[in-house]
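Each of the next two complexes has chain A plus one more chain, namely chain B in the first and chain C in the second.
Right after this comes the complex of A and B.
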């Protein structure tokens, strides 16, 4: 019984949250890797573009709520996301047209584009703060728990409860669907393959008649979808605060690099690698050992390897270790 | 008037000095023409000018009587001109079949049939069709590069040093493939360093020196011309 309790404890506090957090990171990491692979620069505005997309989703959610529209047990935000995606894509395309395009046409070195993206980051950050403010916002509505901890205890008769939030299931489900569609698109459709080709060998892609303008357009459209959905899911699950989104850029970049930058599948798995390591290393294992060890060996301390304040240090360390030992990422192979 | 021709082409890279000076190259369908010459003679430049990769100060490029001097390389692809660069001429991270599909990017119709034709031309590619091109040998990669360029069913095929960096055996094999392509009524224009071997399969050749046409003639004429031999065929 104690053993089962210990397993449920880990599921509840490590596995389910990490899977959710990993999905959110994975979407951001695919965004980073796609921009890097096709437009060839590290986009530092990633976090803030996600925050912008989330902001649009929140504004639409409020609007729908004021109209009295809701999805019942599901959060209204799900209805708002498609509209938010459209606005985010329009914003990205404008930024591309007025900012990035100039450097792309002039064939600027990638580091220059990365610097430019930091400028875009500041502007985007400012836009978000002016429109919605820097504060913490919750925009979740609908049914909060799929399974409540108390219900789970009653059902199983165990001491430990397993609570599953509906946002966790929604996050994991939407991520899997979205990523499956994306990989199908990149690997099976002609347009998707032409994006791979453009990323692989730009000059030859041009000689094959692939239109670079179309590739750039489609890249930003996919980026807009990923940023908005990834950001909105994170905001639904936790809360929306522009600064948190800016901070999330570190684990997102770590995930993209761990997966081998330019490799979307690697970025997808990288998201989970980072999320699981962060949560594994910052979880306090005291209760877990109380279940599996005899009473005489019960630990006195919290048995927490790192305080949660250091969770970014975990992704940063993984990043450094990977760059030292496997500079091309842990998932080698096909690019894009 | 020839099927594909560059007349009196003059130009260079950017605002730099002229690399080719009133240089003329003509190719008919079903003919292999080689551009030869010492290093720095402007061989590749002449070819790039015909492809539209450099802007000409003067001169005309025509295909089938149509003036294409002002067209971009992408638009020239649509006119049926295919180009195999010397390096980075395949999508290394994609499979053989995907490379061929990308070659057919501009085709609206069903390209499956053309892929079958390419496999008949280069049987080894059928066996390796699901393998990443980056994992193939140099000779096989060159076949992929040729196959990709042939997917648009070009009327003109331009090859920039197809045998650079391949072993002598592979070179012979590659020339055999180029001869097979010639039989499909394609005009083939190539720049080559291996002058003797190139001339032995070429119908005609141009020898460029400092960006100007120096000698021209059929393959055997040039091979037997003492001036050509002494100047750069190595006696």
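Right after this comes the complex of A and C.
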């Protein structure tokens, strides 16, 4: 019984939250990695593009709510996401046309493109803050919990409850579906394969008749979908605040690099690596050991490896270690 | 003379703008803008050395700024005796432990061949050391933090004049840069950018949460100033006389004696804060000038030529027998040290240290905008960038307010759009920075004052 309790405790406080957070990071990391693999620069506007997508989703959610449309137990935002995706893609294509295209055509070094993306970051951040303001916004509606901790306790008779929020299930489900479709697209369709070829060797791809404009267009469309869904899921699960999204850029970068930048599957796993290690290392294991150890051995300290204040620092340290020992990432980079 | 004409023009326009602010807003605002411009100029010089001279991307400027600020605290705050008694010994022991750990690891690295076992042993030493240090320090940290937590709760500093911290800040930043450089400089440019950005976030996390050293988010306030305090100035005879002489024309117009006294008092209060700011400006200007002379000399020295060679063609420079790795590390340290000075100056000026206020937008990306807009590789350009961008950053809100009022003048006051726009005036500065950066990068990629190297 105590052993079951310990397992439920870990599930409730580590496994489910980390899986959710990891999914959100994974979507962002695939976004970073795609841009890096195909357009060949580190996009510092990642976090802010995600917050822009979320902003559109929130605006549509408000609009639908004012019309009285809702999805019942599911959050209205799910209905708003497709519309938000379209607007985000339009914004990204505009940015690409007016900003990035010039440097791509001129074959500027990647560093210059990264600098330009900082300009885009400033502008996007301004747009988001001017339109919706810098405050904290919650736009979740519908049923909040799938299983409540108290219900779970009654059901199983255990001491520890397992609470699963509906947003957590929605996040994990949508991420898995989206990522499977994406990998199917990249590996099985002709367009996906031509994207891979373009990322692998640009000149050869051009020689074999692949249209770079089309590749770039499709990359931004996929990027828009990933950014909006990733951002909206994060916002649904936690809350929407532009500054948090900007900060999330850092673990997202960490996830992309840990997984091997340019490699979408690596980025997908990298998201979970970062999320799990952040939560594993900052969780206080006192209660866990109280369950599995006999009473005489009960620990008196919190048994926390690092205080939760260092949550971000954990992912960055992992990144620095990976960069030093395996600069190409855990899963070899640049194979899209 | 002629070739420097655009430099002179640019700086005259910049000073003119600041003087205009002085005339139309107030001299107080103008001088505080000038002071921040000077501090920004120091930061941009640091970033320019790394990016403009050597082509190294350092997105960790925020971390070095914060370390400089920390130096200001550790130098100027009086030591907290009780806290030292409560846990000072243990903390010093922990520092020795860290030193011992580093020495042992260095010894192992030097004397054993690279193998899996060696890596495991090193990892074991690091993890074991961290756990051991945590166990030894835990109680003393708690003891230190519980000493009068409302006002101190940390070890305090050395109680020296704060100006020393400008040098110590540079040393701190240089120390961090040495470690970061050793670790990360081998990386490719964009990886280096990301790595330095993340490392600076780690530095901020440590400063924010190690309360025994920095008081963390409880902030350190009331740092001693290198210049007189306003309140003291207002009672000083010579200062009142000085203000009276400066404003004698204005004062003579007032015939009533008590009115005259009241007007004088008001002027003294205003004058004192202007005077304090002027003192700061003088101090900062000295630093900027010294750094400018040194960096200009370095730029035109054989060393500067070598740096440019390394920047423009690393392989060729390497083939010519230049030690690229060593020079990169050196310039990374030098640039970071200059940023550290700026960090200490910033805290000196504000008189308070607020770890929560260090954010990458303000302390990393804005500085980069300054360098790129001003002109990387050209010290005058970088300084001008610091001035122009900071000026715009501060004056963006009034400009945006003016523009919004102009364009929405047809709309009634209660219009929702107008009200919303007026509410979000502070965020237009991001828009201006972004658009400014994009325009400069597109149409004048070398900045307002481009790099000019003449081979004589």
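Throughout what follows, the second predicted complex is superposed on the first by the 334 of 336 C-alpha atoms of A that agree within 3 Å, B and C clash if a C-alpha of one lies under 4 Å from a C-alpha of the other, contacts with A are read in each partner's own complex, and residues count from 1 in each chain.
In this text, a contact is a pair of C-beta atoms (placed from the backbone, for glycine too) under 8 Å apart; a residue touches a chain by one contact, two chains touch by 3 or more.
Just so it is clear, the structure is predicted and the values come from calculations on it, not from any experiment.
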Superpose on chain A as described above, then tell me if chain B and chain C fit or clash. fit
Tell me which of chain B and chain C touches more residues of chain A. C
Touch check for A:64: first (chain B), second (chain C), both, or neither? neither
Kindly classify A:83 by the partners it touches after superposition: chain B alone (first), chain C alone (second), both, or neither? neither
Just checking: does A:196 make contact with chain B only, chain C only, both, or neither of them? Give me first, second, both or neither. first
Would you sort A:280 into first (chain B), second (chain C), both or neither based on which partner it touches? neither
In the overlaid three-chain picture, which partner chain does A:208 touch, first (chain B) or second (chain C), both, or neither? first
The superposition places the nearest Cα atoms of chain B and chain C at a distance, in Å, of 21
Chain C to chain A touching residues, read off their complex: 57, 183-184, 187-191, 193-195, 197-199, 201-202, 205-206, 208-209, 361, 365, 368-369, 372, 421, 423-424, 427-431, 433-435, 437-438, 441-442, 445
Which residues of chain B touch chain A in the complex? 73-74, 77-78, 83, 85, 88-94, 98, 101-103, 105-106, 132, 148, 152
If you look only at chain A, which of its residues touch chain B in the complex? 190, 193-194, 196-197, 199-201, 203-211, 334-336
Footprint of chain C on chain A - complex, ascending: 41-42, 99, 102, 109-112, 114-116, 118-127, 129-130, 133-134, 246, 250, 253-254, 257, 307, 309-310, 312-313, 316-317, 319-320, 323-324, 327
